Amino acid sequence: MRSGRHFLQIPGPTNTPERILRAMHRSVIDHRGPEFAELGLGLLRDLKPVFQTEGRVVIYPASGSGAWEAALVNVLQPGDQVLMYETGQFSTLWKNMATKLGYDPIFIAGDWRRGVDANLIADALAKDTDHKIKAVCVVHNDTATGITSDIGAVRAAIDGAAHPALMMVDTISSLGSIDFKTDAWGVDVVVAGSQKGLMLPPGLSFNAISEKAWAACQAGGDRRSYWDWRDMMTPNDAGYFPYTPATTLLYGLREALDMLAGEGLEQVFARHERHASATRAAVESWGFEILALNPDERSNSLTAVLMPDGQGGDALRAEILDGFDMSLGTGLNKVADKIFRIGHLGDFNDLMLMGTLSGVEMGMIRAGVPHQSGGAQSALKYLADHRI
Amino acid sequence: MRSGRHFLQIPGPTNTPERILRAMHRSVIDHRGPEFAELGLGLLRDLKPVFQTEGRVVIYPASGSGAWEAALVNVLQPGDQVLMYETGQFSTLWKNMATKLGYDPIFIAGDWRRGVDANLIADALAKDTDHKIKAVCVVHNDTATGITSDIGAVRAAIDGAAHPALMMVDTISSLGSIDFKTDAWGVDVVVAGSQKGLMLPPGLSFNAISEKAWAACQAGGDRRSYWDWRDMMTPNDAGYFPYTPATTLLYGLREALDMLAGEGLEQVFARHERHASATRAAVESWGFEILALNPDERSNSLTAVLMPDGQGGDALRAEILDGFDMSLGTGLNKVADKIFRIGHLGDFNDLMLMGTLSGVEMGMIRAGVPHQSGGAQSALKYLADHRI
Amino acid sequence: MRSGRHFLQIPGPTNTPERILRAMHRSVIDHRGPEFAELGLGLLRDLKPVFQTEGRVVIYPASGSGAWEAALVNVLQPGDQVLMYETGQFSTLWKNMATKLGYDPIFIAGDWRRGVDANLIADALAKDTDHKIKAVCVVHNDTATGITSDIGAVRAAIDGAAHPALMMVDTISSLGSIDFKTDAWGVDVVVAGSQKGLMLPPGLSFNAISEKAWAACQAGGDRRSYWDWRDMMTPNDAGYFPYTPATTLLYGLREALDMLAGEGLEQVFARHERHASATRAAVESWGFEILALNPDERSNSLTAVLMPDGQGGDALRAEILDGFDMSLGTGLNKVADKIFRIGHLGDFNDLMLMGTLSGVEMGMIRAGVPHQSGGAQSALKYLADHRI
Amino acid sequence: MRSGRHFLQIPGPTNTPERILRAMHRSVIDHRGPEFAELGLGLLRDLKPVFQTEGRVVIYPASGSGAWEAALVNVLQPGDQVLMYETGQFSTLWKNMATKLGYDPIFIAGDWRRGVDANLIADALAKDTDHKIKAVCVVHNDTATGITSDIGAVRAAIDGAAHPALMMVDTISSLGSIDFKTDAWGVDVVVAGSQKGLMLPPGLSFNAISEKAWAACQAGGDRRSYWDWRDMMTPNDAGYFPYTPATTLLYGLREALDMLAGEGLEQVFARHERHASATRAAVESWGFEILALNPDERSNSLTAVLMPDGQGGDALRAEILDGFDMSLGTGLNKVADKIFRIGHLGDFNDLMLMGTLSGVEMGMIRAGVPHQSGGAQSALKYLADHRI
């Protein structure tokens, strides 16, 4: 029995807004009936501005991992080379998936502290003179490291190499939180999920699809059924889906899209930037290091904080969960126990952030983690001084 | 603006009980934290009695179609023959999926009015002396035709042929409604979904897995990632999942399992049988024909009703939706417009059934569909005379 | 563990629509803040058309009984005579309350099978030459007997007698179900509650107040505080209340008013009339007698059905609750065990009514209550033949 | 469109826990049926330990003001003297109500900065040699001033004077937050509401009743109906109520009682004390004065903070609401605009408190209210240093 609200400050799933939970509390309707068609058409239409695309967006009743798989199997053929880039655990997992699915990933190694170096992409593409590489896959915001890569630079690298590879980007922890321009950046396949900036519970994921990717899908792709974009198109045009959709999550999506439109995407991005800046001010005050070395690459949706030598991140997280009922993100794989991650994305505001950062600081005190006090206070000052 | 509750009498998704919607109206928790582990372990444990198995059950954040795909890709290799059986649209769709995924289905043709003839299975297996057929796939209860096949007889046919093929069964519209004995019938892979007898919204699906299927999965199977049973096992043992689960649907599943256990599976099956019998009494009184020719194969979860010559099922359905705010199932593919389907499964009771059948009869009157009046009255008598 | 939805067919509280429960599932806001003011002003404005008045409407966080008390104490002084009329248990209870509160009710006796005879009111007022009678109090629709009285005739009687008494009317089970014209009928104080035609859970009640009643309140009335209309007016003008309002019920009221406006009051009344007519057709078919002798006085929100000699209504109700999970209204006081009451008001539709009437007929069969079968079938025909 | 959760930090209604909103999201049941009886009996039984009484507790579908009125009218007769004590706006309002209802309050004046001086009670009672004073009425925790009075001392004063007056105490903002011992302190009538420590939305209120008060009620009391304890007793014994109860709020009450029992009352009180102490540490750090002069009388459920000279509390509150989406309590009556009030009661935890206090400090910065920075930081230290 804990009193008060749990603070779910992992970098997603995020705190589900009351409005969205309420919208989902509704009886299921006939997914083949006229009322559903209206819902479906509206969703497919209103998702586009969130992706900043005029192209196709498809919705899967699946986790984000499903949308990764969909991106690959719709355009690749077994043995196809894909150029992927290590920015953290999630780019690693996507690479592992590509391997399991029978593709041939070229994985540009990273140190988990820097984003995509577009020059290395350019180099790799330049070497690929016979265009064996069919796709370049990067993670816009790696949730494991809090590193945001420059997608426009990746676009420029591909264009500079005059390489025909498709460009695929995972925006699972950036869409609806950090500016992402599908069309302007020429992204061919976008991978997104419901449970981060879209503020929904997990269970839906998305692909946005360029004309080039759609052509590739029609011309080829792998053996596929559940993920097949082609099966989506005709029913989607009428507001329906080829198999039973996750209706209650779609009710929530309707509400989420209305909320994002109501606040305005520009305002949403500015809000995330402001909370991230305040968080970084706190981390600096504590005397801790942010995992992302390059200030331009520090994520606006989460902050990964390096523990001092000899201090385990998981012990701190456990103390904070036990003492203050807040969940923080753990360090994964190469940074296991070396970092903890603070999610500051989704349906969030200044006072929730202050509760969050205060909880981190109180946890450090209780856990005996050496730090300079006053981090929360620094964030407070930042927020008070920076009106939005 | 319609007054009162919509009657969702398609054969699934079914009317979601208030208890389940309420259980789902809860903030998402950390899917890597200790509270989640307790939830996950409980679900994985308590699903087993619903499947009547001691074996493994896996949960996908996906529609039922995903669990079809999972069943195939975990054990089959490209080009593998699978023996499938046409009992309606859903067996047809599963066959189409097998083709798309690169397997080689042998499809025993049916007329959509009869269930699986186990002799034909036996014959096909007997001919397959070099055991090219790797799996026999049947649909326990074809949702498009309301035909329930004898799965024990299929088991006997396989055993009689001493054939090593795996036996896979789709129970999407029977699990939790019609007795299904995974272990007793030696089913190797069960395919199930959340939105029928389990009373949940759509968005979850399931495989139950025998030791034999598990061995096949480990020894081979296709290229796969999202659906890979192997990735599930280690996290599942601790109550977790390999990727983000659909947490709110899992809350609903917890409630659904408690409800089924509270009522008792035997009682649940008896209730469905009773409502189906009352529905069949109504159909006979109206002078209509049930699509399923064999009384033993008439489904207890839905009833497909043949329209009289010259009368379209879809016009009747539209009249009923417009006039009485009830959704019925349409005729699909070979029986398009020739039938309508009444769902009487899930969270249902006598008075809901009487509202449903009265709505059908009133719709016939309004639509000018010739019939003998008194079908609802016959069902009323049946229900009053047959205590459960 | 009962499967399916309970049928709550008492004549109120009524089946709460999902929309209203959802609207109430919202965090409480500051009842002194600007967001609340907007809510409050909208409610106080939009209640008026439901009461068909241009006058004041006040909202109490209280049951309907509270609004009875409020009506009396705001305008009466101890010892004041009030002319009241026995149409059933609820008029009796209001009379008892008047006595307890120190007023002097003259109670015109009734036999619980007829509504108000306006001639008797006229006679009583004619005799009251020195105008000791300060108020005439009648129940528009007595929930205990299913009798609807002619309020226009009462108005005419008062006017005919040129008597200055205030006219007070209880519309608890008629407002939002049966046409009630506060201003056109010159009603000075209306008493209403949330849990019937307004479709809300219980917990709110209302007074509509004419100018004449408001003048009486300001000039006199009894000692009072919680119920004092005077304390309401200034805060109400700004959208607030003098003490903490029942915020979540007000959220529900917002939704209810939107639902009634969306359907249209005329349509709402026609729907209730249609369902009542179908119910009466069923009762006649069963060979049962309706308690209300005068067809013009038969309620459109509930039907009180007389049991045959030697048959107890409560045994039948218990059988129906036990066997079919439906709650019906009991017989109260003078008609205890002699009747049962079917509520057919609020958020209701044809199929819910057919479930209801089928449940009554099945209950009669099970309980061994002699009846002619086919009542539900008669209602079915009525509904099919009478489009709205 | 505000992002994130509103902080409702008025001293009630408090932040409604998700569990309670969820419990209330349930269809209404028959308030005369067997399922209701079980609910009612459980509530009436389990309220007693919360009041720390073995006596009667009654539940009203009404605001707290209704329970004030009920306390008076059940035992007093017109003209009866009641000794009341000014500790803030709510004691003043209760006094005003007593006057309106025709009783004769003797109001011991206070300066709104100190609690009840039991000596003054003793003096007044000593002078009342012919026992005209029928009741002593005090507010345990005056919500307008954040002052908690010593109820045991009042008991001692009455006993010391050997005076037969009943002792009535308002615990609206203390019950379930600050230790209150109905029986041990010999309180005859307790007045409580749902929307503070009980964590429910407003709409229910309570009286706890001693044997002495019950005897007074039966022997006398005023004209009354809605509030009459006598009408409650027989139905309550069976789990029912004399008129329609506010069923959905009762569902919420069931959950609230389970939550309080789950946490344990001692733990609940300690939690409130700890949050109040941290808040006071913040106020001191800011260099502000707490309205309550006597440290022993500083409330554990709210803190009233004096503004510096020349600074208006309402401008600060408006800035905080606008800039940080938090509602704080206003200054009422004698302290209008001179104070603001921070509610830290109900379903609350450390991180919510840190968000709250950070919001106050950020508001001061934005509003240009002179203060010493670091108040939130002081609270943080307090919380980190004081494990519960």
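A, B, C and D label the chains in the order they appear, each numbered from 1.
Basically, contacts are C-beta pairs under 8 Å (C-beta built on N, C-alpha and C of every residue); 3 or more make two chains touch, one makes a residue touch a chain.
It should be emphasised that the depicted structure is a prediction, and the values quoted were computed from it without experimental measurement.
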item	value
Contact-graph distance - origin chain B, target chain C	1
Selected pair, greater C-beta contact count between A-B and A-C	A-B
Over-half contact-pair match to B-C, picked out of the listed pairs A-D, B-D or C-D	A-D
Geometric centre distance via CA averages, chain B-chain A, whole Å	34
Interchain centroid distance [CA atoms averaged], chain A/chain C, Å	54
Of all residues in chain D, the ones touching two or more other chains	5, 15, 18, 21-22, 25-27
Footprint of chain A on chain D - complex, ascending	1-5, 7, 15, 17-18, 25, 259, 262-263, 268, 271, 323-326, 347-352, 354-356, 358-359, 361-362, 365-366, 373-374, 376-377, 380-381, 383-385, 387
Chain B to chain D touching residues, read off their complex	18, 21-22, 25-27
Of all residues in chain B, those that touch chain A in their complex	5-6, 8, 10, 12-16, 21-22, 24-33, 60-66, 69, 78, 97, 100-102, 193, 195, 201-203, 223-226, 228, 242-249, 321, 327, 330
